[in-house]
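First up is the structure itself, then whatever we jot down about it.
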């Protein structure tokens, strides 16, 4: 339960639409669900605006499915990142409506209706090879209730491709920019827009890209103001930050 | 001139408060002022929400003063970062109302009234030695029109110091967290608030801190969601991003 | 034979419980057993408190089994770390009571009774993915005669999970803290306990974690006093140090 | 007030040696003293066994003196590390009994009697150039109530120097080993003693020592069991850990 | 003597404008002038197109002056890089027509007339702080006989500044691009021109720029084709390469 | 269409060899072909002298084939780098004349006649293991219209091998030097020729070569003037730069 | 043909044991055998004392066999390093007397008698996992005509193992010391012997050993005089250097 | 006393040239002289062939003078490295015959006659700026009894300078090669000589030389066989190794 959901529940209680028991039950959530191998944080939604997101890498399919099941007892939305096909199969067995985003390596579950926020988040990526990371960012922001504009393959080697899409980018509330190799795109974009730019370096490249280090350093040293950076290949992190910002823009 | 100022000007023109000549003059700004050693970007305010900020390091006092003078021809606010006493003296000679923020190593100039935004930005720092960087962030956000809450010396080695200030932090729209050494504070804060956290690693430390690298890596790998990172000691960058976010929250 | 075992033997001899020949035989241990490919250090138990531990990685199953057999001629306890299933099969063929700790990738053998020390060692880990390293630490301390309290998945992103287990942690004589990613947990724990904290960085993470480097640097730069650090993923090393400390606390 | 001091106070109250008011006053300590630029952690002694230690580097002489004065209101012992002559002058003005340890770059203050712990801590260093770091470790352990055995210039290039002092080293409860350059000494010592070894890499060296990185990596990869490591040049950290361990050995 | 000068000499000999003795004398150059502390390479002009350039850093003023004197015995042009005022004074004492380029930290000497090549070399720099490196490149190409177009302070944060100068840049035969911080400018320029781009990273920046490493890696990983890179702050190297290329374009 | 092709087309139009419609059609090229997953840059040939080159790594065979097909609609030449057999099969299905360069991991397509430039480009490599990178450079320069001289296995450990081929190298307009391990060859070559040297470090080596870093650093620090460097293993980049230079030498 | 073999040939010619034609034929060796993919250096034996050694890694089995065949036309001894089983099979097909050293990953061929040098070379290694590198060193020195003393598993964690073998080590003319992890062994050995020590870091270790970097740095910073270092895992290099030294000791 | 000196003493005793008391006195040397701040190793000469060398850096002038005085009680030769003028003044006060080698930053003392070894050691350096390191190597080998051939400024950028001195280099028993920047010279030399090459990287360079790292890595990865490497700027270490090798060549 997020703060927005809590506020809606209380509004409906005051309006007589739900009874006291429902309210008490919703607020009786324990802080933690101890599964032995994991301490599921049941208050994260209330504290940070979205239920605990499951990081699939390094967990077995069974572990992921068990955590997912635990969270779904109380929440209507779920995001699992860095998954394999095996993870998806196990989660689908638990909840058949689970959606597999293959390129983004994510699972999303959405039970019931959730309102869309006003404003869009632009996910801009430099090259075709950066698409999986960009998709992870896009899927993250969407499950959290935001509209996304995807703008792909507009790297700085052919600047007219970026300039041709500038109007769309400028309409967004937040701009996520995903790039590997020399990581120049966020600097260029930040000089052209008045909104926060979240830069995501990717490990796309070879040789002296050192697994994304070159792009990471470039983004941290951006001469364009308004750029902040997340970890290499961390599309999820960028999407989460962007969603937090758009949530604020929506006065939630 | 920022987009907000432009909109206000047009509103006043339509309301008959200013005449056509004033509007035309305001919009006639050339794109660039070429000073020989510098190309001052005269459209940055319109494009990114605040006039070009002067980075003092590596520029002579005369260069900084000349650029400041050029910008002040058209803008009412100015920020100069990374300055020395000599820089300040030269700028003060050009504009006597210039303010010297010694700890933050900044100059600000504010000619006329500028509205304050709703909402505050919290600047949280881990130790006393991190204060100069935190001040640079605070001064930056203030000159850009935001209210700041300063919370200092609440590093994770004595967690109750942080927990005792949590209510203040939670009231902020954006939280800037400044820390050197192991850089753990942003991860802890991000787990406790629902607002975007901008993490600023500092070069405070010795030995294997490698000039702030340890804190930088820790922040990039934060297990807490909602953290994005700027360059080591880049208080200005964090303040600028926070201000962009708060501007969005104010629907500007 | 450890110093404690030697003292016990002499006490029993003086008490007439064992005869002279047994004592002489026990003390006649040669310094080294030369297996050609290995020089087994037969005095390590006497010198450092536990028989030589076999590091399985980079050794063939046959080599490990042969060294194990050599040590078991004189010692009642054995620990093999970093093993594969093939290593276990070979050791089991030599000593059927061998125990395989799969998650910890260890083999332990315990022939006869060994006294438990007073006091416990807490093994605290940040996330589910850190469990194998934490288990290696726990198995190591247990075979060396210590009680272990396991506390898992209490990373700093949900601080209440840690605070909820604080009493258990504070009761321990030594606290091993295992964490990957940003490695913040040892700093937080060290600020809350009065006992030595042994920090173990893990290679859990991606991108700018650089195989555990981020966590390692964070732990070395911990602002919390009382933290010392072992190599990345070195659960065994942490367990060994913790056992040495607890042994001292037991006046052995 | 440390836990030992608290226990002693209660024992004396029960024995009628101090009155109720004294006990209440001692326990009424606020959690934090807010000096504006610093949040002095007044519970650290109770929580970790020694009052907050002041890290001098990056603080002005006035800041250090003010924090010292605040702590001395409630505590009888004080340690300031990484100081300059100016820091010492300012502290001495506040408390004339302050002692300046020049080589160790520390200040200690000891008002009244404090009991010595049983057992000694050996501080072993590899070369003459490592002495300042070794002294910081020694001064730290002494002010915290421990006996120290100093053993200097016994690097591995002349092994007989180390072997000639081995008996003294083996008598210690904890061994701190300080070394720069290739950092081999802790590995050799750990193979010869049965007590915990705290390794301190120093920045002594040139070229590929990279400011102590070579020694740090060597110590983290030590093939000798029972070694844990602190930051480069962190004599204080090693002394603190050693004191915590010896405190445990004394059943405090 | 460069190959062009040699060919001109032979042409004049055949035309009867110089006598045999002059030709023999010109070709009798020994390979090396041994000054004890230096082996001046007297054939470098013939072999690579310009006389040996003196690298001033790490040489005394006397050494530089002596080498300069030696080269000037046979050559009409000289370049000394990375000099101090003391170097210039010593060289000026040897040859009064020496010119001091302060910002570029270079000395040039030009005795007699040397033809200018057709075509220009553009030296483009990102920020005011990059000017000294850009000047070193410009001075180098000029003394070697090329026309230079200087275009300064056109970093990517304000793209219109670059686009406004694009025609000038496109007219050049070779483009040298100098940038610090994130080093994005060469990638953007390379996408807009059809001529070779020589990228020069500078050490301008702080924190995670690591002395120019960030810019260097960005340039090596440039997604724009046609970019090659020289060492950090190596304006001379870029100027030399550009001159070699323009020489080829002139069919020399 | 490259600028040369455009100029030829206009010449033929003026000469009455082609009609107006053909000219208009050739110049009507849109700027970008949007394939969804890729924005093919259709003006790159005009802007940089060769149609967009497809970087195969990280793209599916289908994506590569689709982009190839798109480019071939308007262009007569195509280069695909970093391919696998699957990529080749897919491209061959689209255009049967595609050529697979296995060692170079490239595909080239050449439909119709293209003029050869005057002058050759030498591709010199240090060892047999560097051949794939050298081939990538050679194939790149050839498809772009240049003659190539291949000189292999002439590393500095047997200097006479290099000196024996010096005449051939000196005849080239541009020299590409490919080397792994210590990367010394470009420095030696640059001292012997008067033409631009493009250095390509390779990842050939082990241990402290760190994936080509040793060779890269050596080349960037070359004491030989006239050396510029591309990314590790970037044969394509070197070939492209060399072709740009030779194009200039041909006054195109 | 090595210089020793050449001198022997001339001695036998003067003594009438071989005829003129044989001498001429032996000296008629061309400098290089060009195999297309390789330039075999036929004078290396004469120039450096042993025929060209074939580095197998990155070459096909066919390439290795062809180079081997070429060398064997003129030389009686051959060494191939870093081979796989496939390489051995191909070489064995060319020369059936080829010997496969599996642990050392080498092939040696010895046709006819070669004299042994006086003096031995000690190959000392720290742990069982370092054996393959130590064997490469031993096999290299043996094929080059030296006696080897192998001393294994004498790492510094059990110093008595090393001290027990000290007499053997001291009898050697040169000492090769092979160690991974913290790389302390060469420093200890160098302090105990009066002969040159060649240190070989290995990639044995994990975590912060960074593929042998920790051991490499330790060895370069050795406080023991008389240590020089070769690349990580470069047993061949150490063996070659040791053989050169022993050759000198034998007045060859 | 070195082993050679000891053997000479015994020979003279047997010949009746010295009496028993002199022999006994000479052999009665204690192992260590404890000066409090230093443990002077009095057996190093016997164990490694030359008395303990004093490393001046990080020691006070008084400490260096005291250690020098202690060693001179028993030894006739002394070497102090990395000194300042103050160190020299203090040592000269103790022993007036002390010689100051300014460029090499060394002090040597030679009391009485010491025999010269046969054979020379070549010290080859790449550039004028490398001279101080080369001189440290030369001074070291000379005080240890070897003849030195100095060959300076023969870097690979002008290969004929090196080839012109090749005969001298080939006559040496050992070749020390000193180079900064790209560090290519040892690889080239090793391919041309049949004697051991000791490579010394220097910190000469800038930018991506990273304080000598580039040269160090190049030398470790040398494709020329017979190269071993010492620490950056470690002229002493190279001289010591070379002297050990030449001593062996002299059958000492």
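Quick notes on this structure:
As written, the chain order gives the labels A, B, C, D, E, F, G and H, with residue 1 at the start of each chain.
We adopt the following convention: contacts are C-beta pairs under 8 Å (C-beta built on N, C-alpha and C of every residue); 3 or more make two chains touch, one makes a residue touch a chain.
Because the structure is predicted, anything quoted here is derived from the model rather than measured.
Put simply, the chain farthest from chain B by mean CA position is G.
Distance between chain B and chain H, defined via averaged C-alpha coordinates, is recorded as 56 Å. Measuring from the averaged C-alpha position of chain F to that of chain H gives a distance of 50 Å.
Rounded to whole angstrom units, the spacing between the C-alpha centres of chain B and chain F is 45.
Within chain F, the positions touching two or more other chains are listed as 157-158, 190-192, 207-209, 213, 216, 220-221, 225, 231-232. Interfaces, counted as pairs of touching chains, are A-B, A-C, A-E, A-F, B-C, B-D, B-E, C-D, C-G, D-G, D-H, E-F, E-H, F-G, F-H, G-H. For chain D in complex with chain G, the residues that touch the partner chain are 126-127, 155-159, 181-184, 187-188, 190-192, 205, 207-210, 213-215, 217-225. Residues of chain A touching chain C in their complex: 31-32, 36-39, 41, 43-44, 55, 57-59, 63, 201, 203, 211-213, 216, 231-234. Remark: chain D residues 3, 47-50, 53, 173-174, 190-196, 198, 216, 220-221, 225-232, 237-238, 240-241, 244-245, 248-249, 251 touch chain C in the complex. By the touch criterion stated above, chain F contacts chain G in their complex at residues 128-129, 131, 152-154, 157-158, 160-161, 164, 204, 206-209.
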